[in-house]
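My structure is below; once you've seen it, I'll send some questions.
Each chain gets a letter, A, B, C and D, in the order it is written, and its residues are counted from 1.
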Amino acid sequence: MIPRYSRPEMTAIWEPATKFRIWYEIEAHACDAQAELGVIPKENAEAVWKAKDVEFDVARIDEIEAVTKHDVIAFLTHLAEHIGSEDARFVHQGMTSSDVLDTTLNVQLVRAADILIADMDRVLAALKDRAHEHKDTVRIGRSHGIHAEPTTMGLTFARFYAEMDRGRARLVNAREEIATGAISGAVGTFANIDPFVEEHVCAQLGLKPEPISTQVIPRDRHAMFFATLGVIASSIENIATEIRHMQRTEVLEAEEFFSKGQKGSSAMPHKRNPVLTENLTGLARLVRMSVVPAMENVTLWHERDISHSSVERAIGPDTTVTLDFALNRLAGVIEKLVIYPDNMLANMNKFRGLVMSQRVLLALTQAGVSREDAYRLVQRNAMKVWEEGKDFKTELLGDDDVLAALSAEEIEEKFDLGYHTKHVDTIFARVFGTSA
Amino acid sequence: MIPRYSRPEMTAIWEPATKFRIWYEIEAHACDAQAELGVIPKENAEAVWKAKDVEFDVARIDEIEAVTKHDVIAFLTHLAEHIGSEDARFVHQGMTSSDVLDTTLNVQLVRAADILIADMDRVLAALKDRAHEHKDTVRIGRSHGIHAEPTTMGLTFARFYAEMDRGRARLVNAREEIATGAISGAVGTFANIDPFVEEHVCAQLGLKPEPISTQVIPRDRHAMFFATLGVIASSIENIATEIRHMQRTEVLEAEEFFSKGQKGSSAMPHKRNPVLTENLTGLARLVRMSVVPAMENVTLWHERDISHSSVERAIGPDTTVTLDFALNRLAGVIEKLVIYPDNMLANMNKFRGLVMSQRVLLALTQAGVSREDAYRLVQRNAMKVWEEGKDFKTELLGDDDVLAALSAEEIEEKFDLGYHTKHVDTIFARVFGTSA
Amino acid sequence: MIPRYSRPEMTAIWEPATKFRIWYEIEAHACDAQAELGVIPKENAEAVWKAKDVEFDVARIDEIEAVTKHDVIAFLTHLAEHIGSEDARFVHQGMTSSDVLDTTLNVQLVRAADILIADMDRVLAALKDRAHEHKDTVRIGRSHGIHAEPTTMGLTFARFYAEMDRGRARLVNAREEIATGAISGAVGTFANIDPFVEEHVCAQLGLKPEPISTQVIPRDRHAMFFATLGVIASSIENIATEIRHMQRTEVLEAEEFFSKGQKGSSAMPHKRNPVLTENLTGLARLVRMSVVPAMENVTLWHERDISHSSVERAIGPDTTVTLDFALNRLAGVIEKLVIYPDNMLANMNKFRGLVMSQRVLLALTQAGVSREDAYRLVQRNAMKVWEEGKDFKTELLGDDDVLAALSAEEIEEKFDLGYHTKHVDTIFARVFGTSA
Amino acid sequence: MIPRYSRPEMTAIWEPATKFRIWYEIEAHACDAQAELGVIPKENAEAVWKAKDVEFDVARIDEIEAVTKHDVIAFLTHLAEHIGSEDARFVHQGMTSSDVLDTTLNVQLVRAADILIADMDRVLAALKDRAHEHKDTVRIGRSHGIHAEPTTMGLTFARFYAEMDRGRARLVNAREEIATGAISGAVGTFANIDPFVEEHVCAQLGLKPEPISTQVIPRDRHAMFFATLGVIASSIENIATEIRHMQRTEVLEAEEFFSKGQKGSSAMPHKRNPVLTENLTGLARLVRMSVVPAMENVTLWHERDISHSSVERAIGPDTTVTLDFALNRLAGVIEKLVIYPDNMLANMNKFRGLVMSQRVLLALTQAGVSREDAYRLVQRNAMKVWEEGKDFKTELLGDDDVLAALSAEEIEEKFDLGYHTKHVDTIFARVFGTSA
C-alpha cells in the first residue's frame, strides 16, 4: 500500500481499529446467539454491548499482545478492561481464533468490494457522459495502429463503458461469493459451538454462513475475488493505453486535463505528458500480480495451514487500495479528458482520402468492373496520393475509366462519413439501453 | 497440448476440420441473413448449403493458403470448389476475417466449456458418492499438519464437493460471458453489413451478439474465462494435495487405486506412489499459467492489434485440453480411491488420546477448577502420555485430583467421538440439500 | 508448441527420436564406466555401441511401452532387440529411470540454449548493422510518447543491442547452470552405483556432475533457466513495441518489410500492418508464462515427487521453441526494417521548433535574464507556434527582447542538431567497443 | 511492506531520509565533476558539501513539494535552505530528474542486495552446521512421499546448502547487473551534460556507468534482479516444505524450535505447529509475485514512459523487505530446528524392513535366481510383513528357498545401513569442498 496511491476510505477498512471493531461485533453477536441457546447467561451477553461505542485502544492491545503473543487473546483481554472480566469470561466461548479472523477478512473484502463498485459507477457515469457527448465525433478507426475505417469517439467511450459494465457485474458476483462467514471451530465440525451461532452472526453482519468450512473459509472464494480484480485492472490498462496513444505528439486527439497554471505547460506547450494513464498502466500490473498468489493460496494442508495468511495480509489491503485509487484516477481522467475533434479529422485525412480506397474498390466491382481492373484503377489513383501527395477523391473524379463505372455523385458518396456512422444509434441502444 | 494429457473429445474442438466447419456455418448463416435483407439473391444463399455435409479438405485449404497467404480467403476458395464459384462469390460479402475468426473462437470456447462442465459433473458425482460412503468414517482433523480434533472423511469429500460446485457455477458464468459473436466489420461500425446479419448468425450458433465490438470481440471476456479455469485448476490442486498427504507412507489413510496385477506392487507393497495426484498438481500449474497472458491480452491498440492472437492459439487449446484431462483424471482418482478407515483410527490414536486434552481442559474449568489448576492437571497427565507412552484417558481416570472435579463417566464422555460428528448431518444438508 | 511458430532445428531437440538417442548415449557411456570399474564385463559394454548408428524405432518403443507401462524399460527392451538380450542385460545396471530422464532433459535444454544463443547472435548482428547504418539518422526522442529532445535512430538500435547483449550473457549463464547431469540412484546416495559413472557420463555429454542430487536434479536450476528466457522475451517485446509505434500511421518512421508483390499493398498503400511485431508481443507473453510454473516446480516433496514433470513436458519444448521462433522473426524484422529518415525529420518539426524551447529557456537564463522573464519570453513565442502555426526560430529572431539577450547566431545555434548528436560516438564506443 | 514481516536494516534503505541522502550525494558528486570540467565554479561545488552531515527534513521537503508538485525541485529547494541559494543554483545543472531518481533506485537495490547476500550467508552457515551435525543421521529417503531408500539428514541439509549457494551466486550476478547509474539527460544523449559527470558520480557511488541509457536505465536489469529474487524465494519454499513435512504429527522427524515456556505446549504437547515454515511458504509467493510485473516493466514507449514507476515503488521495497525477513526467519528455523533421530529410525522401520526389498530382489538375481523366481520369493515374504506385521529380515532368514541362494550373512548385509551412506563423504566433499 503506497500512500500516494491510496484513498482514505479504502485504507480505513484495513486499519487495526476497523479490524478490532469487526472482531468486537462478531464476539458480541456470538454472545447473543449463545445466550439465546442458553449456553451463556443473557445478562452477560447483554453486558458485552456496553462496549458498543468504545473506540478500542490499538496501542493498548498491541501492548497486551506483546505479552500474550496472541492477537485474539490480547483483544479479549482489552475488551475485559471495558466490560469487566466477569462478563468478559463468556465472550468467545466455543470459538477459535480463525472463526473471528476469517469472518473479519470477508467483512473487509465485502466492504472493499462495495467501495470498488461505487468507484466503477463513477467510471461508468463518466464514460457514459463522454460517449454521448462525442457520439458523432468522427475519428479514424485503426487496426494494427494503422488507419482502417472511420468510427466515432463516442463508440470508443461506449465500448469502454460496456467493458467496465461487465467488470462491474463480475465484481458484484465476486462480492457475493466472498460474503460468507464461518464460526465452526477448530476443524469445522461445530463440535464446540452450535451452527446457530454462525447463522446469527452472519445474518447480523450481512454474510451467509459458509456451508462447509474447515478451520478456515475455503480459499477458492478469495482466489476468484482477486482474479476478478485482475480482470478489471486489465480493462483499466486497456482504457489507459487508448488515451496514451491519443495523447502522443503525432496523434494528439486527446490530452489528460492540465490546469492553465501548471508550470511549464505554456513555455513548452507540446510537452504535456499522459502521466496519469501511464501510472494506471503500472497500477494495473500491481493489481494483477495478486492473482497468482491468491490462486496458490487455494491449496491448504488438511483442515488448514497458515501459508495463505501472509499473502492475504499483503494483497488484501494492497490490491483493493490500489484498484480503488486506480478507478478513481481513471474516472477523473475520463471526466476531464480534453478532446480534439479537429485533430481527429486532420489525422483521418493524413493520406487525403486513401482510407476510403476499399469502399471505392468494392463499388467498382459492384458496378460490374472485374476485380483485376477495379484493383488496377484504385491502385493507380492511390499511388498518386501516396507518392505525389494528391487528393484521392479528386484523382478519382478525374479518371475517365473510373467515371465510366461510377458517376461523380457515386464517387462523392463513397467519401460520405455518414456511411460509417449510420449504426451508431443502434450500438448505443445496445450498450446504454437507449441512444438518447 | 501434450498427447498424453489429452482427451479426444476436447482436442477435436481445436482441430482444423472443426474450425473450418464453424467458419462454414457462420458464412452460410450470414448468407441467409443477407438474402433475407435482399443484399444477395436467395438462391445463392441457399446454394451455400449444398456443402452442408461436405467434409472440408484441410490439406487442400492449406495448399491454397500457401498461395494466397490468407487463411479465410483460402477457405472461401476451397468452398467455391464445392458450391461453384458463381454461388460462392456472394459468400463473406461485407464481412471481415475477424468476424469469422473471433466468432469461431468463442464457439470453440463455449463447446470447450460445455465439456468442462460435464467433466465437473463427473467429479461432483464422485465426490458426492464418496462423501456419503464415508460420512461417518472418523479421522483426525489437522491444522498445520498437526492433529487437532476429529472430523470425518465424508466431510473432507463434502467440502471438496462444495468447492467444485462453486467452480462449476463460475464456469457456467464464464461460458455465458464468452458466448457472444460479432459480425460488425473492420472497426465494428457495421458500415458494410447490417446488424441483422450478426443477430441471425449468433442466434443460429447459440450466441448472443456482442453489444459493441471493434474489429474484435473485447478480450476482457476471454480473460475472465481463463481466470475462471485457473481457479478451478487451483481447486484440483487442493484436492490432489489432500490425497498426496493421505497416501504418504506415515499416514496411509488412502491410496490411489492400483490393479492387483500392477507389477512391483506386491514385492514392494509399500511402494505405491500417488503419481496421478502429483501429476494433477503439475497440470494445475499449466492451466493457471494462462491466466496472466489472458489478462495481458485485454489491452489492444485502438480497434485491434493481433498481439492476442498467438497467445490464444496456444492457451485456447492447451488450457482447455489440459483442464479437461485433469478433471477426468481427478474424477477417476476419487471414484476409485482406496480408503483405509483403520489407519485413520490408528493415526488418530498415535498419541493415545492426547487430541482430547483440550476438551478435558475445558471440562475442568467448566467444573469450577481454576484455569491454572486445570492446566496443571492436564499437563501432568499429558506429559506421561507424551514422554512415557501412557494412555491419556487411563491416566486421567487414575488421577484423584481430576476425579475430584470430573466423574469417570464425564471423563469417558470427553473421549466420545460422537461429540465431534454430531453436526455432520447438518453440514451435509447444507452442502447436498439433504443428509441422506 | 504451435507449428506456425516453430523452427525445425529446435523442434527436433524435443522429438522422441532425439530423446531416445540421448538415452542411448547415457546408457552406453554408463556401461563403459561400469566396465572400467569392473562392475560389468568390458565386452558387454562394448557391445552396447553396436547400436551406435541405429535409428531407434519410436513406434516400436511405444508399442512395447503400451505393454510394460514404463518408458525406460520399453526403450531398454527395444535396445535389446538391436544388441541382443545377453549384452543388453548389463545396460542400466544400478541406475534409476530418473538418472536417465533428468540428465536427458538437461542435455535438451543445453542444446536448446545453444540454438537460442545463436539466435541472439543473429539478432545482435542485425542490431549492430542497423545501428551503424543509422548512427546519424536524427529523430525525435520521446518521453511519455511526447516529443522531448532529438536523438538518433542508431542510438535506438544501439540500446536494443546492449539490452540483447545482456540477455545473451544471462543466457550463457543459464546454459552453464543447466549443464549438469546426475546418475546417483533412487534418493541420490549412489548406494547402487559409483559416482565415477556419473562423472564419466557427464564428461562425455559435456555436462558437469550435479554436486548433490536426490532422485532428481534440483529444480532451482530449471527455474533460473526459464526466468532468464522470460527476461529475454520481455526485451523482445520492448523492441517489438518500439517498431509498432514507429509504424503507426501518424508516425510512420519505419515499416516492417513488405514485398512489392504483396497483394493490397498498392491499392491501399497506407495499410501495411506491423503484424510481425504484434505477433512478437504475443509470443513474449507465451515465453514469460512459463516463469511462474518453473518457479513453483522448485518445491518437491522430500527426495522428489513428479509434480514438476507435466509442467516440464509442456514448457520445455513450448518455451524454447517459441523463443527460438521469436528471436528469428525479430532478427528478420530488424534486418529488413524499412526506415524513413524524412518522416523522422518531419515528425520532429511537427511543432516547428518547439522541441528546442527548453534550450532557448536555458540560454536566456545563462545570458543573465531572470527565470521569470526568460520563461515569459519563451512562452509568448511558443504560443504563437502552438496556436497560430508560426515557426519558433523565426519568431525568436523577430523578438527584440530575445535578441537583447541572445544574438541571432546564438539563437540559430540552439536549433543545431549537432548539439544533440555530439556524444553518439562516445556511446557507440561504450556499446560496441568502437564507434566505427 | 508489512511491519511484522520487516527488518529495520532493510526498511531503512527505502525510507525517504535515505532516498534524499542518496539524491544529495549524487548532486554533490555531480557538482564536483562539473567543477572539474569547468562548467560550474569550484567554490560552488565545494559549498554543496556543507550539507554533508545535515539530516534532511523530510516533512519540510514534503511541504515544499505540496507547492512545487515536483519532488526533485522540492529537494533542491530544501537543499538551498541549507547551503544558500547562491551556491545551490549550480546544483543539478544539465541534469534531469530521472538521472537522480534512476541512479538512486539502483543504489537502493544494490544496498538491498548486499543485505540479502549477508542473509544468505547466515542461511548457508546454518545449513552447513546442521549438515555436518547430522551427516550420519540416517533417515528414510522418500519419493512421492513414499519410503524409498535410506539417506541421511545431513544430505538433506547439504542439498539445501548447495541450492542456496547457487542462489547466492545468482544474487551476486543480479547485484552486479543492477549496479549501474545514468546521468545522461532527457533522452540519454548527454546533450546537456558531459559523460564525465556520469562516470565520476558512478565511481563515487560504487556503480558502473550505464553504457547506453535513454531517459532511464533499461528495465531488463531490474527484471533480472526480481526474477533472481523469485528463484531464491522458491528455494526458501522448498526448504520450508521439507520442514513442514518433517513436523507433521505422523512423521515428527523435526520440529521448529519452541521455548519451554510457550503456553499450551505442555498441556497439548502434540500441538506444536510449524507456523514459521508455513509463513515462509506464503512469503515466497509474495516475493515471486513481483517477477511478472518486473518483466512487464521492460517495455517502455520510446525513450521512456512512467508505467514502470508505480510498480517499482511497490515491489522495490516490498520484495526486498519480504525476502530479507524470510531469509532471516529461515536461518533461525534451521539454526534451532529440533531433530528427532529416533523418530527417523522408527519411521524407516514402519514396515519392518520392507524398504530393503529391492536390494534383496537384486541380490537374488545376482545370485543366479531367475527374475521371476526372485520376485516370487521376495513377494511371499513381503506379503507376510505387509499383511501380518512380520519382520522382513526374519522372514527371509526363515525361508529356505531364499537361503538356498543367499547366506544368512548376505541377507544381513542387505539390511546394513552403511551400504546407503558409504558415499556421504564424497557428496559432502563436492558440496562443501571437504567432508570434515
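Throughout what follows, a residue touches a chain if its C-beta (ideal position, glycine included) is under 8 Å from a C-beta of that chain, and two chains touch if they have at least 3 such contacts.
Since the structure is predicted, the reported quantities are computational estimates derived from the model, not experimental observations.
> Out of C-D, B-D or A-D, find the interface that copies B-C, where copy means more than half of the contact pairs are identical.
More than half of its contact pairs match B-C, so it is A-D.
> Identify the chain pair with more contacting C-beta pairs: A-B or A-C.
A-B
> Go ahead and note the Å separation of the Cα centroids belonging to chain A and chain C.
From the centre of chain A to the centre of chain C is 33 Å.
> Just the number, please: Cα centre separation of chain A and chain B in whole Å.
25
> Can you pull out the residues of chain B that are in contact with at least two other chains?
142-145, 148, 244-245, 248, 275, 278, 288, 292, 296, 301, 305-306
> Which residues of chain D touch chain A once you look at their complex with the stated criterion?
My answer: residues 2, 4-5, 69, 244, 248, 263, 275, 278-279, 281-283, 285-286, 288-290, 292-293, 296-297, 301, 305-311, 313-314, 318, 322.
> Could you list, by residue number, the parts of chain C that touch chain A in their complex?
Listed in rising order, the residues of chain C that touch chain A are 140, 142-148, 244-245, 247-251, 266-275, 278, 292, 296, 347, 350-351, 354-355, 357-358, 361, 375, 378-379, 382-383, 385-386.
> Okay, in this complex, where on chain C does chain D touch?
141-145, 148-151, 155, 158-159, 162-163, 166-167, 170, 173, 177, 185-192, 195, 209, 211-215, 218, 220-221, 223-224, 227-228, 230-231, 233-235, 237-238, 241-242, 245, 288, 291-292, 295-296, 298-306, 362, 419-424, 426-427, 430-431
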